[in-house]
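Two complexes are shown next, each including chain A; its partner changes from chain B in the first to chain C in the second.
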Partner chain A sequence: MLSFIKAESFKLSKKLKSWLGPLLVMVLVLIAFPLSIDISQYDLDKFYFSIIIVSLLMTAFVATEGMFEEDFEDGSLEQEFLKEKDFYKLVISKIFVYVCLIGIPIAFIGALFSFANGVAVDSFGKVFLLLILSNLLLFNLFAFGNALSINKGAMLGVLSSLPLALPVIILLGRAIRSIQYEDGFFAVTTLMVGIGLMVSAIMPLIISVALKTHID
Partner chain B sequence: MLLLGWIWGLLFAPQDAVQGNSYRIIFLHVPSVIFAELIYFFMAVCALMHLVWRVKLAAYLIKSAAPIGAMITFIGLFSGSIWGIPTWGTWWQWDARITSTLILFIMYLGVLTLHGSFSNLEKADRLMSILVIIGVVNIPIIKKSVDWWSTLHQPASISVSGSSSIDPSMLYPLLISIIGLGFTLISLGILSSRSYILSREKNKKWVLMHV
Partner chain C sequence: MKLFSVQNITYSINENKLFHNLSFEINSGEGLHIKGGNGSGKSTLLRIILGITSPSKGLIQSYDQDLKISYLGHKNAIKNYLTPIENLELLFSGDDLNVAFEWLNKFGLSHVQDELTASLSFGQQKKLALIRVLAQSSDLLILDEPFVGLDQATADQLNSFLAQKISQNAGLILTSHITPMIDCAVLDLGAKNA
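After this line comes the complex of A and B, so read on.
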């Protein structure tokens, strides 16, 4: 497993566009949106979280775009299949690396921007945690979308998996409200951790089956 | 049967005390959304059969049911939208029930698009089945959305286990409409799956013998 993680980290760190692109998209949206509309700071403080949530969705999509495409095209997936007969380890390592190298920095940027828009300093950790959990869920879902449409373009993948991401967005919205109104944060976070663990365990299995279908 | 339900509901059922005649759209709206969910559930069962037991016919049924499901979900959304104008004063509301039903509609389109994008149909069948199974998570969300969130959409008026909050003079034509639409959709499904099976198996010996 460690060797998979090492290999995937190395591969991702070499692909500058893959990890820097999503971070730049996140920063760009978070800066450009308030500038592009004439709005008071008071109004912005109220709904800035919505912008963060939508940015998160967009960046997760951009980050996972072509997650398996290169491996499929250069034959790595096929080799892996011949060696291991399964993609579970590969998928779980890939998602782990993507969450660590892209998801956590994105969550940090999101939390930083929320801090700059009226969120209390002591809530920074809560927002950061929620954004990491959301990224974990979104990366799993979009990885599934990409595995379905591995060589058919990202739009098909997003069309297939976006409806599944919307419940995550709804849950995140509720969690954010729990921070804003200081009520029920622990319950919502526990729910998200539970769902996150379940999705992280089950989704790689399903992605693995989808990838096998392409290789067969 | 569907016509009987509609004629009874539209012409002979009494007016609603609050909504007047506008409530009559339930005879189209309620059956449509019920079957929008049921068809997806049926597809999920077929998808499971296809993936676990490799039943080819199950995949054909999914492919045949998906356009019907998409159509009926669209009718449900559209009729709800028309009903929204006199009751809520708006065509659309980002309410949990309506949004989750819209997601179901997008799921149907996703399933169809995914299947259509592969030239290898066996591969397309399997990937479509995986997507259908994952998408079934949306069904309990639709069902429970009116309980989990404070929504503008009213909770269910008809209950299988408990008592219904709708008057029998309106309930009976509604039930007939639901059963009637069910039969209509089953007939449509049979016709659609028959032609799809024939098109998929057109080079097989048994088809050539029959045609």
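After this line comes the complex of A and C, so read on.
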């Protein structure tokens, strides 16, 4: 497994556009959205978290686009299948690396910008943690969408993964509220950790089957 | 030593039989050249042997659970945004990596080893893909059109490398429109859809 993680980290680090692009999109949206409205007209602090959440959704989608496509196109998936007979380790390593190299920095940027919402400095850790957990879920779901859409058209992936992302957004909204009102943070976080672990274990299995179907 | 056998393989696409009741076996130190027209099922047969594609009927029996197979398909499985050296570092480590670097010299790619693979010619990329296969210590090499894109000198060189692999007791299956200059059995799948 370590060799997979090492190889995937190396590959992703060499693809500047793949990891830096989503981070820049996140920063741009978080800066541009407040600038594009007359903020004096509104209490920005009331809905700035929504901007962070929507940006998170967008950047997670952008970041996972092409996650498996390149390996499929250049024949690496076939080679991987010959070695391992399935893709479970590859998928789990890929998602792990994407979460570490893209998801965590995105979560950090989101948490940093949350101060625009008047979040207290001591809540930084909570927001950061929630955004990481959300990214873990979103990256798994969008990786599934990407695996489906390798050679069957991108729409299939979008149509199948976006509805699955909506509960994550609702859960994240609930978690953010628990920080704002200091109520039930532990319960929501525990729920997210539980779902995150389940999704991280099961989703790679489903993705693995989808990838096998593509190379057959 | 027997490596594997193909037993009564049939493969059909949309009720169109590509091949019917095909049987053969490969032993170590033996080569098999699969030839046939475009669409006759050469690549499909290789993919069935590899277990990537399932046959409509029949069985592939491997005599060694730990059979090491190196495969060169239509796709090169190399990363265009990495240099040849980095591509090899992704696949090999330790002594195997040194062996792979020696193959870079043998194929005359040392002078481009630090350039992006995307900037190499088609033939050079093909050589890199061949290095990926030949540098592995495998019991069986399966090569799909290995001579495509190679100049005559490199094709001759490849023939001698393959002959060397067979003499070292590896099994070899290759598809090619060019008859390889190595001693091997021939399986002719005929013209398209024969």
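Operating definition for what follows: the second predicted complex is superposed on the first by the 207 of 216 C-alpha atoms of A that agree within 3 Å, B and C clash if a C-alpha of one lies under 4 Å from a C-alpha of the other, contacts with A are read in each partner's own complex, and residues count from 1 in each chain.
In this text, a contact is a pair of C-beta atoms (placed from the backbone, for glycine too) under 8 Å apart; a residue touches a chain by one contact, two chains touch by 3 or more.
Just so it is clear, the structure is predicted and the values come from calculations on it, not from any experiment.
Student: Just to be sure I read the superposition right, which of the two partners does A:S160 touch: chain B = first, chain C = second, or both, or neither?
Tutor: first
Student: Applying the document's definition of touch, where does A:D74 land relative to chain B and chain C: first, second, both, or neither?
Tutor: The answer is second: A:D74 touches chain C but not chain B.
Student: Which holds for A:K11: it touches chain B only (first), chain C only (second), both, or neither?
Tutor: Touch status of A:K11: second partner only.
Student: Per the contact definition in the header, classify A:D216: touching chain B only (first), chain C only (second), both, or neither.
Tutor: both
Student: Please work out whether A:S149 is in contact with chain B alone, chain C alone, both, or neither, and reply first, second, both or neither.
Tutor: The first partner, chain B, only.
Student: Is A:D183 touching anything from chain B or chain C once the two structures are fitted on A? First, second, both or neither.
Tutor: Neither partner.
Student: Which holds for A:E84: it touches chain B only (first), chain C only (second), both, or neither?
Tutor: In the superposed model, A:E84 contacts neither chain B nor chain C.
Student: For chain A, give the residues common to its interface with chain B and its interface with chain C.
Tutor: On chain A, the overlap between the chain B and chain C contacts is residues 216.
Student: Quick check: in the complex, which residue numbers of chain A touch chain B?
Tutor: Going through chain A, the ones touching chain B are 144, 148-149, 152, 156, 159-160, 162-164, 166-167, 170, 206, 209-210, 213-214, 216.
Student: Applying the document's contact rule, which stretches of chain C touch chain A when the two form their complex?
Tutor: Within the complex, chain C touches chain A at residues 50-54, 69, 71, 73-82, 86, 89-90.
Student: Once bound in the complex, which stretches of chain A touch chain C?
Tutor: By the definition above, chain A touches chain C via 7, 10-11, 14-15, 70, 73-76, 78-79, 81-82, 85, 215-216.
Student: With touch defined as at the start, can you tell me which chain B residues reach chain A in the complex?
Tutor: 51, 96, 99, 103-104, 106-107, 109-111, 113-114, 117-118, 123, 126-127, 130-131, 134-135, 137-138, 141
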